[in-house]
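Okay, so chain A shows up in both of these, paired with chain B first and chain C after.
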Partner chain A sequence: MNVWYLIYRVIIDDIIFYPPIYQFLIIPGLIAALIVALIIIWFERKAAAFVQMRYGPREIAPKIGGAIQLVADLTRYALQEIIIPETVDVLPYLLSPIIMIILALLPLEAVPITSIRTYYPIPPDYSLLIAVALSTLSPLFIIIMSWASNNKFAVVGGVRESFIITAYELIAVLGFLSVAAMTQSFNLVQIVNLQMSGKWFGLLNPIALLVVFIAVLMSTSGFPFEIPDSESELVAGPYTEYTGLLYGLNMGGAYIKRWVFSILITIVFLGGWAPYRPTPGIITGYFIPSLIISIKALIVMAIMSFLRSVYGRYRVDQALGIAWEILIPLTLVAFGLGLAEAYFGII
Partner chain B sequence: MASNISSGSVPHLPGMEVTELSKNTYEVYIGPAHPGSGHMRIIVEVDGDVMVRVDPDIGFVHRTMEKLAEGRDWIKNIPLFERMAILDACNITLPYVEAVERLLGTEPPDRARYLRTLLCEINRIASHLYGMGIFGVFLGHSTLYMWAFGDREVFIDLAEQMTGARLTHSYPVFGGVRRDIPDDFPENARKATKYMRNRLNEYAKIFLNNPNIRSRLENVGIMSKNLATELGIVGPNLRASGVRYDVRLNEPYEAYGDVEFEIPVFEEGDSLARAWARVEEIRQSLNIIEQAVDWLEKHPRENFMHEKFWKTAPKLYKDVFSGQIDYAGKYRVKLMPLFASLKVPPGKAFARVEAGRGEMVYYVESDGEDVPYRVRVVSPSFRNVIAFKYLMPGHRLMDLPAIYGSFDYFPPEWDR
Partner chain C sequence: MPAKVALKRNPKKNPLGRVFSGNIGALAVGLKYFFDPNRITLLYPHEYIKLRQGYRGYIILIQEKCISCSSCARICPARAMKMLSVKVFDKRLKKEMVKKFPVINYNRCIFCGYCVDVCPTEALYHVPYHDLVYMNMQDMILSLEDFQKEPEDVTAKEGLPIKYIFDEKKGLVKVKYEEEKKEVVQPQQSQQQKENPQSKQVDKGGVS
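And then the complex of A and B:
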């Protein structure tokens, strides 16, 4: 009995709820991301279908509104033959989608999702900086995969991706850091604790939230910035030569990136686990706050997905113009607003 | 070349081969198997992101229609020519029917003229909606795509009630039309026009006045009045460039001389103007449909077939028409027996109409046999395609769909 209890504790405490594993693989990591993808893609299809006067998916499980359509899609992707063209550079071609997904999830390792000290994956003193820095790694592999594909459409898509990266990264970083300017801290736990009173930084500094929101849309090629893989002239952009599971990974990569950014937005701007106050204990101190964050991030993602049914796509030079001429000055305004609020002690 | 690099000191890198270029440009082949091309290929030479040479390469769906027509009975060519643009079937076949009627010396009765006008306008709306839907999805706007294709269904249903077929109606035949409309048709048509007027305002809200779409279309692909006339552009694309030319206006055929409508003309000549031109044309077509339906209601049970053919009609046909049997879709509509052995007197005839995409021209020559001697077809899309070559260079690669879609492409029509 004692032995079984010990094994049980080891599995629960040291494996499942060991913070780096829990956050990378379970909530808000891989498994949660998969469930979120299931919900969000279903929502995206159903919401678009509602706007567009049609039913959306309902062949698979019609009784629950086709909610598990993505499972069928993933099965199809997983079982499809992976065709590797002769002209590609095989090693980077095969590795970059996998590395991209892992790197896209990596920022979650830097994000504390509770205020209980024992459940920090890493010491949270500079967690905002580290998370933002880690989030900039995965797009590089889109460029690598487009180059390794050895295809004109893929290369053009990769070039566009690189243009967009340079534009949105500055915006996203400055947007997140304007909160650091408000709080005089890079510590995400402290940032959330300051929002416990209900004064979410998204309300105190809405410009920063808006700017980061648009930057995330750009980074994950969401509408109206679905530019690198614009179908009508570039087929599938950087992913043109990919088939089967690898293509599924690429598509999932964008969703995971959006998910990770949504969690960052939730923690920095939307109060994180507020108004809930974590108390020691696995369930109350770790599981529930992670769930609260996931639900808030889900709503952020749902808003991003809904834009698909309203907008077309901008031209790449227009998107860059919006980024460099409008959003970066706006980010500086947001940064100044943060400094001013800190100076006048509004926080 | 790749071999130069691998033979030098640089080791051979599989998949990383670089080809030397004499110019700092490269070619992108949009099509023929490409999500944004249709059944054609556009060879684009790109300098960085800017197109410097655009070569529309057509002919991938060529079906030798003119030659096929020389081996078929006169009447059997109508379903053949419909295959050029099945979504615009009445407009596409009407000039052929008119030309043959000129050779035969038969004039269709008034009711047939109005019925043809009615179906032409229904087809025009369906065709414009199709083009707008494709245009929307080219710009990534899936909502307009679904809306336009969904609303197109309304007019396809109208056409089905009228002719019995959704797309390939074969409705105008020599001397008249194939059958009359059912009694509840005018009511349904009025409902449809009312519905569509509201929808057009919503299209403007979500697509044409959407700041995102406006920034994509405004001042993109500007075709000046001079260029448009020089290239021989036709249809709404020409009228969007400020040229007031429409066959319905310049050379009224069927009932177009008797109904009131306006020809929307825009001065800007850019992609946005071309999109607006289609929306305004749909509005005018709705007016024409209402007028035609009014006329048809005021003149019930008039003959819709020239007497020469009508007297050979089967009894069932005549009973249905005279009201002794309820008009319904349950009776098979047979063609007049005379069509089967029709021989057209020798001669040459020419006819043109304004189809959905522009002026549609047929030249028909007969040597007195039961098949045509020669049928020459000039379709509007064929005349519009050349504009790509002159409008696209200087724009960015992402403008290609914005210009291509605004011309309402339809490769099967221009390839014949």
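And then the complex of A and C:
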């Protein structure tokens, strides 16, 4: 009995709830991201259908509104033949989707999702800076992907991606750092603790929240701004030459990136685990805060995907014009607002 | 001098107005439809549009009324109708004789309804449905016996009848069809005896 109990404790404490593994693979990480991608893609199609007077997915399981349609699609992607064209550069072609997904999940390793000291994945002193910096890595592999595909559409898509990324990562980073200007710290635990009183930074500095929201939508090629892989102009943008499971990875990669960013938005602007105060213990100190953050981030993602049904797609020059002419000045205003609030002691 | 076109004042002239009126208006409309959806897609095999009697569907021949005048075959713009010589027993003359009757080739038919309109004795009529499947093109050239039978309305067996109406607030709305007029169900026998040529002309004008 004692041995089994020990093994059980080892599995629970040291493997599943070991912070780097838990955060990378389980709740805000891979498994939760896949479940969220299933829910969000279904919601996105359904919401767009409601607004455009259609029904959306329905034929598989009509009683629950076709919710398991995505499982069927995923099975099809997984079982499809992977065709590798002769002209591609094989090693980067195969590796870049996988590395992109891993790097897209990497910022979760820097984000603390509880205030208990033993469950920090890394020391949280500069965690906001590290998380934001890590989130800018994965788009590089989309560009590598497009170059390795050796295809006109893919290259044009990759060029568009690089334009969009240079414009919008800057806005996202500056928008997140305007909170650092407010709190004079990069420590995410301290940032959440300051929001415990109900003064969420999204309410104190709504301009920064708006700017970051738009920048995240744009840089993860969310629907109103899916400029790199615009179906009607470029076949699938950087993903043109991909088939089967690799294309499924690329499809999911955008959603995983958006999921990571919405977790960051939740922690920085929407109070993280705010109404709840973690107490020591695995369930109350680690599991429940991560669930609260996931639910908040899910709502943020649902709002993002609802915008798909309302807006039309922007052209590249329009998107870049919005970025450089409107959003960067707005970001600077948000930064100044944060500094002013810190100066007058509103926080 | 042409009349001056009155231009609407554009609320989206300055950039701030453009941002607010455009985005917030679009979001409000989207939210309205999200919480109160008005879905008008026809889920075809599960539902079907219940069409009215005037619909130009498949054409059926009533052989007893046909006087073999060939008007239908002559007026047919797609040359889908042909007259076929058949040996029949004439009841009035009480002897067997050869008469001509129309048959139709649905490969060519464009469902214009001229043959039904031109028929002097109303021996041809439309059925108000049009979704049929033939297995090959040879089957679409009907024989005289097939031309007299009403084809089976398969979707009516499985699906729900649906009709579209205009609502004042919502626009086009899909509602369930309810049988409201019972005269419409059996139109052929009762109406054709009452009708005189004048009323038929009025009908023609209404249809075309």
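Rule of thumb we're sticking to: the second predicted complex is superposed on the first by the 347 of 347 C-alpha atoms of A that agree within 3 Å, B and C clash if a C-alpha of one lies under 4 Å from a C-alpha of the other, contacts with A are read in each partner's own complex, and residues count from 1 in each chain.
Throughout what follows, contacts are C-beta pairs under 8 Å (C-beta built on N, C-alpha and C of every residue); 3 or more make two chains touch, one makes a residue touch a chain.
Everything numeric in this text was worked out from a predicted model, so none of it was measured.
In this superposed model built on chain A, chain B and chain C take up the same space, so to speak, and clash.
When the two complexes are overlaid on their common chain A, residue A:V156 makes contact with chain B while staying clear of chain C.
By the touch criterion defined above, A:S232 reaches chain B but does not reach chain C.
In the superposed pair of complexes, A:D13 makes contact with neither chain B nor chain C. Residue contacts after overlaying the shared chain place A:Y55 against chain C, while chain B stays out of touching range. Contacts of A:A47 after superposition: chain C is touched, whereas chain B is not reached.
Applying the stated contact rule after C-alpha superposition, one finds that A:V88 touches chain B and leaves chain C untouched.
Touched residues of chain A were counted for both chain B and chain C, and B has more of them. In the superposed model, A:V310 makes contact with both chain B and chain C.
Superposing the two complexes on chain A places one of the chain B stretches 96-104, 330-338, 366-374 or 384-392 into chain C: stretch 330-338.
Touching of chain A by both chain B and chain C, each in its own complex, is seen for residues 51-54, 309-311. Residues of chain B touching chain A in their complex: 13-17, 26, 28, 30, 34-36, 46, 49, 136-143, 145-147, 150, 206, 210, 212-213, 215-216, 396-402. Residues of chain A that touch chain C in their complex: 47, 49-55, 58, 306, 309-311. Listing the residues of chain C that touch chain A in their complex gives 26-27, 29-30, 33-34, 37-41, 43. Within the complex formed with chain B, the chain A residues making contact are 48, 51-54, 87-90, 93, 147-148, 150, 152-153, 156, 159, 223-224, 226-227, 230-233, 235, 308-318.
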